[in-house]
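Here subunit A shows up in two complexes: once beside subunit B, once beside subunit C.
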Partner chain A sequence: MDRIGAVLCSGCGIGDAVDLDAVAKAAAGSGAAATLIHGCCCSADGLQAIRDAVTERGLDGVVVAACSERAKRAEFASLGFDAAGMARVALREHCTWSHPAGDDDTRLLAEDLVRMGVARVKNGSPIRPLSPEVSDTVLVVGAGRAGLEAAKTVAGMGHPVVMVERSGLLGGHLASQKSVLPEEPPYDRPHDNPMPGLIADITSCSGITVLTGTTIDAIAGQPGQFRVRLSGPSGRELAVGAIVQATGARPYDARKLHHLGYGASPDVVTSHELEAMLVAGQVVCPSTGAPPQRVLFVQCAGSRDDNHLRYCSSDCCTATLRQAYELRTIDAAVEIAVVYRDLRAPGHMEHLFNGVQRMAGMMMTRGDVEAVAVVGKPSVQIANSLLGERAVVDTDLVVLAVGMVPNAADGELVRKLHDARRDAEHGESAPVRADAARLVGELAAHDGTEILQLGYRQGPDLPVLAYGYPDSHFICFPYETRRTGIHAAGTTRAPMDSAQAAEDGAGAAMKAVQCIAMARRGEAVHPRAGDRAVPDFYLQRCTQCKRCTEECPFGTLDEDAKGTPELKELRCRRCGLCMGSCPERIINFPDYSVPMVADMIKAIEVPEDFEGKPRILALMCENDAVPALEAAAANGASWNPWVRVIPIRCLGSVNIVWIAEALSRGVDGVILIGCARGDDYQCHFIRGSELANTRLGNVGETLQRLALEPERIKVVELSHAEFDRVPRLLDDFASSLAALGPNPMKGL
Partner chain B sequence: MKVTRPLLVVGAGIAGVTAALEAAEAGAEVILVEREPTIGGRVLRSHSYFPKMCPPTCGMEINIRRLESNLRIRVVAAAQVAAAEPTADGWKVTLAIAPAFVNGRCTACGDCEQACTTEVADPFNLGMSTVKAIRLPHLHAWPRRYVFDRTACSEDEARAIAASCRYDAIDLAATPTTETLEVGAVVLATGWRPYPSDRLPELGGGLPDVIANVEMERLASPSGPTRGAILRPSDGRPPARVAFIQCAGSRDVNHLPYCSSVCCLASLKQATYVKEQLPEAEVTIYYIDRRTPGRNEDLLRKVAALQGVRLVKGKVGRVEPSAGLLRLRVEDVEAERIVEAEADLVVLATGMVPSAVGDPMPLFTRTDEDGFALDDPAAGITVAGVARRPEDVASSVRDATGAAARAIAAAARGR
Partner chain C sequence: MASTPAIHPSADFLKAFARQGGGAAARCYQCAACSSVCELAPAGAPFPRRQVLWAQWGLIERLLADPGPWLCHQCNDCSLRCPRDVAPGDLMAAVRATVVERLAVPAFLGGLVGNARRTWALLVLLPIAFWLALLAATTGLVAPEIHADMAPLEGRFHYEEVVPHFLIYIVFTAATLWVLIAVWSSGRRFWRMLGAGARREGSFFGSLIPVVIEIATHRRFARCERGVPKRRWGHFLLMWGFVGAALTSAILVVYMYGFGRYPLPLDHWVKWLGNLSAVILVAGGTLLYANRLVPGDRLAGATSAADRFFLFTVLGVIATGVITELLRFVAVPPAAAALAYVLHLGIVLTLFLIFPYSKFAHLVYRTLAMVHERMARLTTA
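Up next, the complex of A and B:
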């Protein structure tokens, strides 16, 4: 922007604490075309004064130095500037609430903050939103409970659906179930299977095209504009706007459960095998064909087990309750025992537990099933149960409540396998080819597991998190996805029961439809929902280093044959991690760029002599660390006045050049404060914090070569709630820099 | 997607906020009504979420950003649905809006708080501390404006408070108002309240050092009554032995016949609060079943492996005060005997009661025997979060997202 106005608010005590005339002078000195001081900028009068100044002085950008951009958003948004045209400078929180009134240091801080704001707007360029053509169709992959609910929900919102199912039938596992868990009262017994009705709804719905016996050959493109090629004789091609992956789960392979007698006796069956007998209306011991007099259910067969599935499969306890009920209903004489470690019947399922427990002939006990011996009839060895420390129970039929394994591919590992396979053949040297061949062997289990067949640089399927589930491990945002416009739902996303899978399908349907709507408006989806700025890649200077294409957490960038990034802007979530990754600094947003932050750093006036006061740069995550700091300010805390805070989108967006810029200008130290990384990451861009840490680890060596202490740079994890810790963190960093002495680059 | 009439979302806890945002980002007009003066509901009173131990304000920060930048959502805070009648294609709803003694001109500068001397029990801290009668409800309150317990102050003080405001934001003459809305569909997300500890006298409910799990969240929070220090309410000393009593009122026909779903994980999480702050403390969790579904199992493993944490399968029958400490009588199911134990602090893992129980609200056309609301598709009503079933935050958010879709569909087809 060229003509920038600096609006200074004297309200909320700001004018009492700093000499705003001096601050206005600093703004003018840094290139503001106009300055304005008002007693309450957020009031109707204040906003009008700003509007008048904009018109009279022909301003194309404003710096509002008042309160935090987290306050009075609607008021200042009413000025009509886009994100590049207006900078909010938190004089109140970052300066006057947190630093002594009338102090020179407080004024210098205010002056720097406003200069930094001017530099920010100066570097902004108008946002030109996309208005792409998009398809309204949602592709639903998998026709189990989650997929069917997703299809029905999407259709209910008026969008066309194409549903593909690998098998010849709709309904998944549930279709071959005698009954289901109660989803409405009465909760104390199983309910009729709703699948026939749901399937009829789906097949009769004009907006839903069902393709069975169909898989995906290839998916290319981006949200709003996916191009899907289906398998089969039709080789049909579709344009879809969003995708729901509801490919379900499969039972854990009971053949791995030797210790529980599976395979050793036909009278040890899985819960799925029992279900088939329940549906047939006759439960028998496979060895004799006679109905069992005694049936024993073994819970957690393969679940919650270090040797098998570490997680709880979530639906086996309630499934057993349901099956026990059905079994008793078929055969009122059968005696049923259930041996569980913890009986997990959450919420209303407690009523089902009670209902089944009350039935005659039902014995439920806590216990650890150590082994099932099968000499003749199965005999079950149980430890720590109501039957005593050690007990052996003979039974006619053992039912193993086996857990679930997601039908999902690990997109990143499949890609690794593909790369290794290519290198094994075409690698440049024999050792490279040998290493690659070894990797091909290690990853062999992933061969042919592809489901979505995405033509993405980062792999053909969603990335997985823990235990092979393509989840994002978020709590507040369970549909946050690492591949924009593609939502996993149901048991492929996490272990869950059928009622939960139905809810999950509906939720994913909502997000799919929403993603299409947002793509049409040229808006980013979560977490920067509504952001309409698109990154610009100045490819003439690209060196094909592939950092951006590798590091984007959302698989936004593909590559051409030479390795040049190909931006798929509708996949982009605007985190700026690519901007942080680029050594050539050719990736920038109109409202957030490498030169912008570099100029903000340059706007900090650093006392040049070694006797002057230090300056410290704090690059802080705008979603977590900055709010924590502002909460500290609101709570009356103060911190070192020589710190200059620049809110950033994510630590991952920090380009190393900013640090170099700061240190070369004599800034004494740089602290980066962001969110937790690792398995329980809190970074909303998934790996931003992690990447920053790796990148800065590499900087340490460079610093040492320049005779600068690595301690001048510090990366800290801080959560949104740690307002009590953040001022101390800044003060401690300042003390540690004091111990190092001034930056030797000062004044150079 | 074609929706012509707005959706009404009742309740702005995590479920209601989610339903409103998801629908609005897809293009629907939404009116989000909240009884409290600020949004966020119960989750913001938690110190952290299981299993990641991350703060609820982090996600809410993003949600507030989404709310403020979305012109399709109108938030009506400090309001309740007073009446509702079905129309040909939706509902005509009357909102009763509490008087806005502090209006939108408030800058949250804090001058009024300085002028106020009266303190009241702090509802944000569940009454465990006091706060000024005029205040920002909590550090991250949104709408970011002060609230005024007008009745707590004398007329003189109220006038002095109003005079202290430089922005004309305090209106002592404000009166309750009503507003009538025509909406196409409704999402009920009215949430829950904790089962009251004082209904559990046998478990020590009401004794000073017997606290509820929701109170433990406030104790552990830096914005709580003790600034995050886990201390015994009776003497302000750190407890050496902390006992968690699971199913305090839940899975009990005399209290709540259902499982509240979250208490096992909440206690495991709180055990980590205690151990992080007081590494020497002995923590015992008395449970019937450890219900940690899915990968939440990892949290159970992690806590069970902590030194000084014991998980005991047993039903606590009685908690009694005894010379400055608490004596517990526990039926140890595995050992088939009654054991006695002592603790300095007892945490009752109390369950969830749907808000509509004992406080009937319009639009609850279908409820189950426990007071949870059920979807009523014919009436264009869908339910999200704990109003529907006891569940954790991730599940509430999941259900609220689906509920938004069902509401859009209902509004599109017109009942």
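Up next, the complex of A and C:
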């Protein structure tokens, strides 16, 4: 933008704490074409004053130096600027609430903040929103409870649905189940299987096309514009706007549970085998064909076990309670024992637990089942019983409550396998080929697991989170995956029971429909929902290093044969991780770019005299760290006045050149504050913190070559709730820099 | 304890246990709130959490061989705090009843008394019928004659004319011997079971003396936190009332044969002792029964059929005893007094005979458990 107005608000005590005339002078000095000071910018009068100034002075951008961008959103949005044309500078939170009024340092901070705002708008260019043609159809993959519920919900919102199911029947596992967990008060007994009704709803709905015996051959494109090729008898091509993957889960393979007697005795069965007997109405010991007098359920059979499934499969405890009830309905005299590690019956399932526990002849006890001896009748050996000693239970029939394994492919590993296979044949040297061949062996289990067959550079299926479940962020964004427009639901997303799967299906359906609507407007989905700016790739200078295509957490970028990135903008979530990754700095957004932040850094006035005024740059994640800082300010905290905060979209968007820029201009230290990484990551863009850490690790060595201490750069993980910790972090960093002495590059 | 226990929650055991009041054991999720609030549980062998688990698991042998239930005085603090409504206090009572039933000699009598809900009429009527038959076969069923020459405080007639003393001696001496043998056999079995796997120190009698003092003063009751004052004093009065009644009977025998005095006038000190004992018994029994009458009160605890039968038997003995005594001085047909006397003797015989199989048996089991507690040093373990 060329003609920028700097609007300074003196309301909320800002004007009393800082000499705004001086700040206005600083703004003008940094190139603002006009300045305006108003006592209450967010009032109708204030907004009108800004509009008048814009018209009179022919402004194409404004800096609103008032409160946080989290405050008064609607008011300032009414000015009509797009995200590139207006910068909100939080003078109130970052300066006057948190620093002493009338102080020189406070004024200098305000001046820098406004100069940075001007630099930001100056570097912005108008956003040209996309308006793509999109399909309204939602593809639902899998016809279990989650899939059927998703289809029903999508159809209910007036969108066409195409449902594909690999098997010949609808209903998934539930179709062959006697009952489900209680779904209505008083929640103390099983609920009739809802599947027949649900299947009837689906098959009678005109908006839903059901294709059984069908799998997916290929999916290409992006949200709103997926092109799906189906295989199977109904083979055809269709255009869909969004996809719900509800491919469910399968029981853990009990043949691996030899220590629990499976396979060694016919009288050790899985919960699914028992279910079949319950449906048939007759439960017998397979060895004799006679009804058992005593039945024992072994919980966590293969779950929460380092040698098998490391996670809790979530529904086996309640499934056992349900089966015990059904068993008792068939045979009122049978003695039932349940050996559990922690009987997990959350929420209303407590009532089922109570109901079942009070049945006569029911015993539930805690313990680890070490082994099931199968000489003659099964004898279950328990360790860590509640008496702290071992115990033995003899029984007629053992039921293993086996866990669940998602029907999902690890898209990234499948891709790795394909690459390794290619390298094993065509690798440039013998060692490369040998390494690749070894990798092929290691990844053999992923061979042929593809479900969605995505034509994405990063792999044919969704990336998985812990334990092979394709989830994106289990707390904040359920149903979202790391592939925009593809939503996981039900037991393929996380272990859950059937009622939860139903809720999941409905949730994913709403996300899918929402995604189509946003794609039509060219908007990003969460967490930058509504962002209409897309990154621009200046491909003439691309070196095909593939960092962006590999590092994008959302698989936005495909590659041509040479490795040049191909942007699929409707997949993009606008995190800027590609921008941070590019060594050529050719990836930029109209409202967020490498030169923009570099200019903001240049706008910081760095005094040459260190003793008086060191300068510290804080690049802080706008999702967690900045709100935490502002919460600290709102709570009356204050921090070192020499810190200059630049909110960034994600630590992953930090281009190393910014750090170099800051240090070369004499800034004494740079602190980067982002979200937690690792298994329990909190990064909204999944890999941002992790990537920043890797990239900065490499910078440390460079610094040492330049005779700069690596301690001048610090990366910190912070959660949204830790607002009390932020000021301390900044102060501690400031004092550690004081110990290092001034940046030797100062004044050069 | 060394062997790996075989868990078998058999339906039969659980049904029998539920009958005794332990039906809620299955609800327990072993949080141990009960054991941690209990003031009486020895540090080295806390109860009642483990006992609840043993009951869930059907480990009867362990329940039988455990001193815990007998050290419990059922203040019901645990039942008050239990988040699952297991009522561990009642469960401990059920364990005690189960032990009494299972260790009974001969076993079938244990079952007969344990099943009082169904057998109570038999248990009451049989001894009365026995007396009637005995009298018919020996002296005949006769009403006493009115003796005008008796002093007013001696009453109007002699009950000896209804039932000769020698019959009473024969019957009750036989009954006492029977009780002693039964109690001795059960007690010995119990003592051995308690001792298996435990190391005892010191002599039996060395530990018995402080235990007896503790029982005489009801000191242990005082350590319970709540709900106990009423029960403590009820039980205290009842126990001493029985002691007084027993003492009166013994002294009477001495007077009759040592001094040839019979009948004793109502103002004689031995009669005073007997009547005072009766008053104390009535007071104690009433207090205890009143405690149980608050419906749904967790501190009151549940009353099983066997409990109720026992309480009614005790109250029956007291009531018929007092009535029999009063009828000596009231102008009613002597035949009515004779009937009251026979009824009284019948119910006293019931009380005697059920001693080893009823709540009375706790006199033996609890005392043994308390001696064992001292000798095995459970409190300091």
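Following the convention adopted for this analysis, the second predicted complex is superposed on the first by the 728 of 748 C-alpha atoms of A that agree within 3 Å, B and C clash if a C-alpha of one lies under 4 Å from a C-alpha of the other, contacts with A are read in each partner's own complex, and residues count from 1 in each chain.
Methods note: contacts are C-beta pairs under 8 Å (C-beta built on N, C-alpha and C of every residue); 3 or more make two chains touch, one makes a residue touch a chain.
Just so it is clear, the model here is predicted, and its values are computed rather than measured.
J.: Once the structures are superposed on A, label A:743 by its partner contacts, choosing first (subunit B), second (subunit C), both or neither.
T.: neither
J.: Output check: A:333 vs subunit B and subunit C. Expected answer is one of first, second, both, neither. What do you get?
T.: The second partner, subunit C, only.
J.: For the three-chain arrangement built by superposition, which of subunit B and subunit C touches the greater number of subunit A residues?
T.: Here the partner covering more residues of subunit A is B.
J.: On the A-aligned overlay, A:481 touches which partner chain: subunit B = first, subunit C = second, or both, or neither?
T.: In the superposition, A:481 touches no partner, neither subunit B nor subunit C.
J.: Have a look at where A:366 lands relative to subunit B and subunit C in the superposition and call it first, second, both or neither.
T.: In the superposition, A:366 contacts both subunit B and subunit C.
J.: One more residue to check, A:270. First (subunit B), second (subunit C), both or neither?
T.: Neither partner.
J.: Check whether A:245 is in contact with subunit B, with subunit C, with both or with neither, and answer first, second, both or neither.
T.: Neither partner.
J.: Applying the document's definition of touch, where does A:320 land relative to subunit B and subunit C: first, second, both, or neither?
T.: In the superposition, A:320 touches no partner, neither subunit B nor subunit C.
J.: Touch test for A:724: subunit B only (first), subunit C only (second), both, or neither?
T.: first
J.: Mind working out whether A:391 is in touch with subunit B, subunit C, both or neither, as first, second, both or neither?
T.: In the superposition, A:391 touches subunit C alone.
J.: Pick out the shared contact residues on subunit A: the ones touching subunit B in one complex and subunit C in the other.
T.: Overlap of subunit B and subunit C footprints on subunit A: residues 343, 354, 366, 386.
J.: State the interface residues of subunit A toward subunit B in the complex, per the touch definition above.
T.: On the subunit A side, the touching residues are 11-13, 40, 42-43, 67, 70-74, 77, 153-154, 156-159, 184-185, 187, 304, 310-312, 314, 342-351, 354, 366, 384, 386, 466-467, 469, 473-479, 494-496, 500, 503-507, 509-511, 513-514, 517-518, 525-527, 529-530, 623-624, 627, 631, 634-635, 675-676, 680, 682, 684, 719-725.
J.: Which residues of subunit A touch subunit C in their complex?
T.: For subunit A paired with subunit C, touching residues are 333, 335, 337, 343, 354, 357-358, 360-366, 381-382, 386-387, 389-394.
J.: Subunit A touches which residues of subunit C in the complex?
T.: Going through subunit C, the ones touching subunit A are 1, 4-11, 14-15, 26-27, 29-30, 50, 53, 56-57.
J.: Touching subunit A in the complex: which residues of subunit B?
T.: Where subunit B meets subunit A, its residues are 1-2, 14, 21-23, 25-27, 47-49, 51-66, 68-70, 105, 107-110, 136, 139-140, 144, 166-167, 221-223, 227-228, 251, 257-261, 289-298, 301, 313, 333-334, 336, 368-370, 372, 374, 389-391, 393-395, 397-399, 401-406, 408-409, 412-413.
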